[in-house]
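By written order: A, B and C. Residues from 1 in each chain.
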Amino acid sequence: MKAKIADRIATVVFYIIALLLVLLLAGLLGYILLKGLSHISWHFITSPPESFQAGGGIGPQLFNSLYLLVLTMLISVPLSLGAGIYMAEYAKKNIWTNILRTVIEVLSSLPSIVVGLFGFLFFVISMGWGFSILSGALALTLFNLPLMVRVVEDSIRGVPSSQREAGLALGVSKWETIKHVLLPAALPGIITGIILASGRVFGEAAALIYTAGMSSPNLDFTNWNPFSPTSPLNPLRPAETLAVHIWKVNGEAVIPDVNAVSSGASAVLVLFILVFNVSARWIGKRIYRRMTSS
Amino acid sequence: MATTTLMKENKASSNVRSGVMTMTVPDSSSENQLKSENVVLKTNSLRVFYGNHLAIKNVSASFMENRVTALIGPSGCGKSTYLRSLNRMNDEIPGCRIEGEILYRGIDLNHPQANVFDIRKRIGMVFQRPNPFAKSIFENVAFGPKHHGVKNKQLLEEIVEKSLRKAALWDEVKDRLHRSALALSGGQQQRLCIARALAMEPDVLLLDEPASALDPVSTGKVEELIEELKKDYTVIIVTHNMQQAARISDYTAFFYMGELVEFGETTELFTNPKKKQTEDYITGNFG
Amino acid sequence: MSDRVVEWTKMKSARAKSKIWIERRGRMVTLLCVAFMVFVAASILYFVTSKGLSTFVINKASITDFLFGKEWDPGKLDKEGKPVVGALPMIEGSFAVTLFSALICAPFAIGGAVFMTEISPKFGKRILQPVIELLVGIPSVVYGFTGLSLVVPFLRDHFSGSGFGIAAATIVLTVMILPTMMSLSVDAILAVPASLREASLALGATRWQTIYKVVLRTARPGILTAMIFGMARAFGEALAVQMVIGNSAVIPKSLMEPASTLTSILTMGMGNTVMGQVENNALWTLALILLLMSLIFIMIVRILGRRRTFE
């Protein structure tokens, strides 16, 4: 009898916990979006921030976030493809592979502030690139690599081994089998992983404060020459991102509308991440469906 | 004139591990054709180790050209392992070691300098579960030739059509060559896998229980196909279905616990088995 | 048959040789990518360690003072001429927020995980799974800002003090590590074989008894791992904590007083110090402690994982 009562109470408790969790997310998202959406306007998204006055926007910061995202992915995706393929297909079960896995695990568990500080030490100071897009992109790559490698490795491992056999039995080399059979089959998982990782990279700030910097020069959006100092594409310029901007304005608390700016910027950030999350699932499913039917 | 030249380690070349085989095959009109039964593939005292475990124990067998040889035996007797050694697919299993000779038209495939890619071009394989690539039907069949240098689109189309016809699948798929192979039924997928192997124009076809995952109708189609295929290819088929072996094969090899117990013409083996184990298996005294 | 083979043969043999090359090259390229990652990890370890140790080697600070001293003023020299680098407030702060948030979060994380796996898998998969994924995706600055604009005023209004402090940081961190802990707990619980559940139910146990006595007990190593991962995440979190903890390098007398963690002081200080000087070196030592702690967390997880195979 007691057991039955306990069972019922427990069930109620679990339902309450689940409800609380859903409310937590709903509340959090609701708060961020409701508070922030009212501050988002075309002006907000395109104009540069103000140093002392109200009315500043997040235009350059948004561009910087996107630019850094693209650069980071351009560098980390090929690297992680290579490393992930190696881990999934070529690494043998010996002590070296164990050491390798430990190294990747260490890399992935480093706090992002430590990665940022290493970037500061190495890219900004030792290499002399200063606060720049280059330093930031490389720091973000370090931050992103372990996750991407795991995504690639898991996706490739998920392809049934019968596919490998089929390729090899046709006299095709293992590498060609990987490139033309396994990778295409693993594509949905890899692309989903890339998009989800993009969300993480887009929102990352700690690794960028001391690598991409906390300022953004006046950008001339008509100048697309990457070598010119006012061009948005110039990789050696400092590039405060959206996430870093939120942190900075709250830390300095100089501008009078710090709350408005932060809310608006947070809402924009979260919206992008929502888009990343949703599209990751959707695109992954669509690619999978295209591959297995039609 | 049967000239088989095996270019192995050429001291002049620095390709250490490029045991490339180039061969010309004896014409059927040549006077070297003494027997009507030509041995295409032969193993001498083949031993296969998984780590320290000896899975295939000194198996010596000969496979005749343009004949179907069935490998039968209870589960776990090693017939699939043996089959996979013939095209060096066991190389892919870590810890697997093969000793002994595998002679393909006189050339030892188990030689350290044998080019395993070359081997698999001449000895094709179809697996138990259909494993088409997640690509279109056309891409599946064209995969082998494409990755062996055939770039001409028209040639590829010819090869695809020829192979699909030989696999008795052309009529069913000719209007949807560019649809995904995964949309086909199980039986069709398996015939697609056969077409894919045939596109490589192999000499020998290894079939590892090709019909065991299929329904009876598809099985029948595959069996008919094998009857046709033996005109052009040498077929070695592993099957756990004795009736199937009796129906379609010319020769049968009975495996038990990693050993080749008996080998002979199918009708002989099934009506007059020489060993007691064979008789027990055939009459169903053990599984 | 023969002419066909001869035709193909000529084309194939050249290709066969090149296949060996293709194979070798592909293997080499992927190995290089992997080697690069190893190189990168090694450089990070080297750089941070050498910079972090320079406080002791170059500036002659003492390690015991660093770990146990309560006063943090690296520019000052004490009576023995050593820099005043007592990091105990930060170390305590980091451990405090980590432990508190893990303790508060655990029941919710495990409870949510149990709900997702045992009580209502359908609802769990369709609703709670996306909830976890969305919570994980929210950037830490947004958590920090929400903490700043929601939690801190709330604490200020309902309790004494400014609202900044360990309490605020704990609340923010609890929400931040919840998704991680929950999804790893889900994995741990899912790994319990169904046969164990069935056996328990067949013996007449209720669902709660099965969960409590069989499932959770079997999944314990995995759940502990989940908690350690959550703690590692909390320990290494910089910005969200820094925004709400007050950043005062002293040991607070209550949870509502400004405090600091390793990460918060590090984040604040790095921009205000000059490379090469002792203030800067001291910060690198803080970074070194963070690095070592993440290695320790990995080791703990490894040890727990090994135990799992015996249970």
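One rule holds for everything that comes next: a contact is a pair of C-beta atoms (placed from the backbone, for glycine too) under 8 Å apart; a residue touches a chain by one contact, two chains touch by 3 or more.
Fair warning: this is a prediction, and the values are worked out from it, not measured in the lab.
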Identity of the most central chain, Cα criterion: A
Farthest-lying chain, centroid of Cα atoms versus that of chain B: C
Centre-to-centre distance between chain C and chain B (centres being mean Cα positions), rounded to whole Å: 53
Euclidean distance of C-alpha centroids - chain A vs chain C, Å: 17
Mean-CA-position distance for chain B and chain A (Å): 48
Chain C residues counted as touching two or more neighbouring chains: 16, 19-20
Shared-contact residues (touching 2 or more other chains) in chain A: 171-173, 176
Chain B: positions in contact with at least two other chains: 117-118, 121, 148
Chain C - residues contacting chain B, complex: 1-2, 4-6, 8-17, 19-20
Chain A partner contacts - residues on chain B that touch it in the complex: 87, 89, 92, 94, 117-121, 124-125, 127, 129, 131-135, 143-144, 147-148, 179-180, 182-183, 193, 196-197, 200
Residues of chain C touching chain A in the complex: 16, 19-20, 22-23, 25-27, 29-34, 36-38, 40-45, 47-48, 51, 107-108, 111-112, 114-116, 119-120, 123-124, 127-128, 131, 133-135, 137-142, 144-146, 148-150, 175, 178, 182, 205-209, 211-212, 232, 235-239, 243, 263, 266-267, 270-271, 275, 284, 287, 290-291, 294-295, 297-298
Chain A - residues contacting chain C, complex: 3-4, 6-7, 9-11, 13-15, 17-18, 20-22, 24-25, 28-29, 31-32, 35, 78-83, 85-87, 89-91, 100, 102-107, 109-115, 117-118, 120-122, 125, 142, 145-146, 149, 171-176, 178-179, 196, 199-200, 202-206, 209-210, 214, 243-244, 246-247, 250-251, 259, 262-263, 266, 269-270, 273-274, 276-277
Residues of chain B defined as touching chain C within the complex: 15, 17-18, 20-28, 115, 117-118, 121-122, 148-150, 201, 203, 232
